[in-house]
Amino acid sequence: MRRFSLFNATSLTLGFAFLYIPMIILVVYSFNKSKLVTVWAGFSTKWYGELIRNDIFLDAAWVTFKVAVMSSTLATVLGTMAAIVLVRAGRFHGRTLFSGMIYAPLVMPEVITGLSLLLLFIGIGMDRGVLTIVLAHTTFSMCYVSVVVSSRLVSFDQSLEEAALDLGCSPFQAFRLVTLPIIAPAVISGWLLAFTLSLDDLVIASFTSGPSATTLPMKIWSSVRLGVSPEINALSTLMIGVVAAGVITASLISKRTAVRQQREERAAERTEAA
Amino acid sequence: MRRLVLIAIPYVWLLALFLVPFIIVFKISLSDTELSIPPYTPTLDFSAGWAGFKEFLAGLDFENFVWLTEDDLYWKAYLSSLKIAIISTVLTLLVGYPIAYAMARAPQEWRATLLMLIILPFWTSFLIRVYSWMGILSQEGYLNQLLMSLGLISEPLIILNTNTAVYIGIVYTYLPFMILPIYSALEKMDESLLEAAEDLGCSRFSAFWLVTVPLSKQGIIAGSFLVFIPTLGEMVIPSMLGGSKTLMIGKVLWEEFFSNRDWPVASAVAVILLLILVIPIILFQRNEQKQREAEG
Amino acid sequence: MALDAFAPWEDPKAEPVIHFQNVTKRFGEFTAIDDLTIDIYEKEFFALLGPSGCGKTTLMRMLAGFETPTEGTILLQGQNIAPIPPNKRAVNMMFQSYALFPHLSIWENIAFGLKRDGMSKPDINDRVDEMLRLTRLEQFARRKPHQISGGQRQRVALARSLAKHPKLLLLDEPLGALDKKLRQETQFELMDIQEKTDTTFVIVTHDQEEAMTVASRVAVMDHGKIIQVSTPDAIYETPNSTYVADFIGDVNLIEGKAAAKDGDKLHIAWAEGQPEIIGTPATEFSNGQTVHFAIRPEKVSISAEKPETANALKGKIMDIAYLGNISTYHVELPGGQIIKAQTANNRRLSRRTFTWEDDVWLSFTDTAGVLLER
């Protein structure tokens, strides 16, 4: 059995300490009674109370959530279509431009994407608000979705679709009844990725939103410029908690399914040997 | 027919919301600043037809770019972005490599958990992760409290609002981008290669240097690009952790746009940032392609 | 053999189920199928045999509808199938990878095609149960494909493709993923199921033993052309070319020239100082024409004394391969030619009759070999 060597154990401990201690401090101090964030004055949940009573934060949270749901759903549809085009459509005119436009937003600095979209919206005289943020978020997150989905489609056994056609499916039915259920996990993780990207985004939202719509990151940004605040600590703790719970549950579920599948496969091979 | 619709929908979307905006940025970078809204002229008036288009072309000029080369603020901002990006990439590599190495050498049943722990911060808000350092690095922050109570320093260190804080912030937020490709390169490595090297007379260290490092080269290159490219255009970290002296081009663009409302100059800054980024992006793509070909 | 043996290909009045008429298929520069004409009859178990890249899979995919011929026509019961998409064809295919839908249970996999036909619920139930019984999978109906063994998966794939009563069932290397022992058992099961369901089967395989075992007729393919179509025994005993002779089983090939005719016999001169080989030609050879004499090792006898047969050649044993049930002797003739001779090990031998470096006589009758032009 393999063990951790002293060197490896040390670098892992230091590495994870570096990654996690800042967030742990943040969480701990969100329960600080004092208004002075860096001085511990006893346990209290009062900043959570203040947060819930603060309409500005609640409004921003609601806008953020709306934008994230709409843009990630739209991005999942468009990104999945783009993935199918990339993997399956073969050659067509402008294919190089198309794949370029899929991959470019992944490495594009957000300031440029945000600036260019803002100039577009002004150029066509579109009022800035929730809709423009949704359009902007959809555009960059559909590229992430299509990368996730196309990497699954590449390894997809095409004879499954042929089998569906052979058994009487139209091409669309074959996609709906066979391909989609099988690539569903990739589509779902694409959606989750798009959702968190949208929740997270400050720069593009700042460029493309108008006075009518402020997202949570924008709100955090404007209060944080004034310095550390206990309310923001509480808000951050809530956001970290939600994400951690979600990711840990998802990975536990996928691990359990993988273990079960492995066990069942082994059992099946044993029955054959018997 | 159905295929055509399938291609057309994402294609048109990307053309309209990705490519066209870029062309607009190019166009505006060649316009003059005006105080009215939109704060630039000439605007392209489609109703004026060909004559309008010619007039529009005549109105374009490169003075914003000339202005960028004359005002040394921009020169400094570009150079300083480049410097910060290079230094933080090297720092991230130095911090990330031992972690990736230890993960790849960890017992098999631990690896999935370790990997998840590396990826988990990805899912938490970038903004919050950067923000968490403000409380640590400030003058009366936790780090200074700790060091002073240990008696290591008598005066609080000034870290927040300096370039040091920016480096810490970049290394912290981009560390997973460095660790993951190096880990996947090291994990594939056959450990008997090290045994073979030692068997042939290498010391532990020279075996690491002559075998492990070259075999993880692809991971190092990929990780470095993944840190370097986004860092170059970074805006949030220098604004939150850096001081007024921290110059980064993303931050300049943001201020040019939101504070000075000089859209043509902001657009010109964006165009040049893009041109600077094109080289590392192409190199990165080449490297990825080479690796794919090598793996067959 | 009974007189009413199944042989519709010999009946000039029989209508073929499948008729390929001068079919050519090109992929860019590459010609996968080259001007091919062939008939397949009802209830046949037809095997397409050939090395990989010979075009057999392309041929099958054209029948399934995944490829269309570049030239020529394919008729299914007299109807041109080129314009019919795969989902509208009364042809089903069993895929090499089985292509079982991993998200559906065994039952749902088998019912998949029936549901597409809009069959009523009770009818689907009956048909699926029937297929499960036929393939002995009743107790696995609720399982998912990953929960059953490789052999069971193979049977699910078969049940699924047979459920729709296809006029024609295509099997692409159906046994390729199974280990040798299971493969042999399954071959007989396949034949059994084919007989019970009265369906026409077309199987693609590169395994000649498999083709010989299951098929009523075998088509040997090479470079997009069919070299020979015949029953397994005819392919083995009377190959029409050295390619087929060499591809199916083990063979000794001797090249010579037609020397003299003697009634229905032909003398072949093949090496200086060696006696001419006497054989029975099926076709005319002119004097001096090149003849390839092909003879199976088991038809060559080996003895210490010169026997009284039409052909007897003297040589020296170079190698002996003891395979348990048979032994193969590699005998070098004075000219350097190696001839393989096989003997059945009918008795337990405590000592070998022949050993290395022994001088022996090889003999065969004048009807044992085949005379081929190419």
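Labels for the chains are A, B and C, by order of writing; each one numbers its residues from 1.
Everything below uses one rule, namely that contacts are C-beta pairs under 8 Å (C-beta built on N, C-alpha and C of every residue); 3 or more make two chains touch, one makes a residue touch a chain.
The shown structure was predicted, so the numbers you read here are calculated from the model rather than taken from an experiment.
Peer 1: How are the chains arranged in terms of who touches whom: line, ring, star, complete or other?
Peer 2: It is a line, because the chains touch in a row without closing up.
Peer 1: Counting C-beta pairs in contact, does A-C beat A-B or the other way around?
Peer 2: The comparison resolves to A-B.
Peer 1: Can you work out the whole-Å distance between the CA centroids of chain B and chain C?
Peer 2: So the centre of chain B lies 62 Å away from the centre of chain C.
Peer 1: State, to the nearest whole Å, the distance from the C-alpha centre of chain A to the C-alpha centre of chain C.
Peer 2: Chain A and chain C have C-alpha centres separated by 55 Å.
Peer 1: Using the average of all C-alpha atoms in each chain as its centre, how far is it in Å between chain A and chain B?
Peer 2: Between these chains, centre-to-centre, one finds 19 Å.
Peer 1: Among the residues of chain B, pick out those that touch two or more other chains and give their numbers.
Peer 2: Correct list: empty.
Peer 1: Which of the residues in chain B come into contact with chain A in the complex?
Peer 2: Touch list, chain B to chain A: 2-3, 6-7, 9-11, 13-15, 17-22, 24-25, 28, 38, 95, 98-99, 101-103, 105-108, 112, 114, 116-121, 123-129, 131-136, 138, 140-142, 145, 172, 175, 229-230, 232-236, 239-240, 250, 253-254, 257-258, 263, 266-267, 270, 273-274, 277, 281, 284.
Peer 1: Okay, in this complex, where on chain A does chain C touch?
Peer 2: 157, 159-160, 162-170, 173, 177-178, 181-182, 261, 264-265, 267-269, 271-272
Peer 1: Residues of chain C touching chain A in their complex?
Peer 2: Residues of chain C touching chain A: 64-66, 85-88, 91-93, 95-97, 99, 101-103, 112-113, 116-117, 146-152, 160-161, 164.
Peer 1: Which residues of chain A touch chain B in the complex?
Peer 2: Touch residues, chain A against chain B: 1-5, 7-9, 11-12, 15-16, 18-19, 22-23, 25-26, 29, 37-38, 78-79, 81-82, 84-85, 89, 92, 94, 97-98, 101-102, 104-105, 107, 109-112, 115-117, 119-120, 122-123, 135-136, 138-139, 142, 146, 171-172, 196, 199-200, 202-203, 206-207, 217, 220-221, 224-225, 227-228, 232-233, 236, 239-240, 243-244, 246-247, 251, 255.
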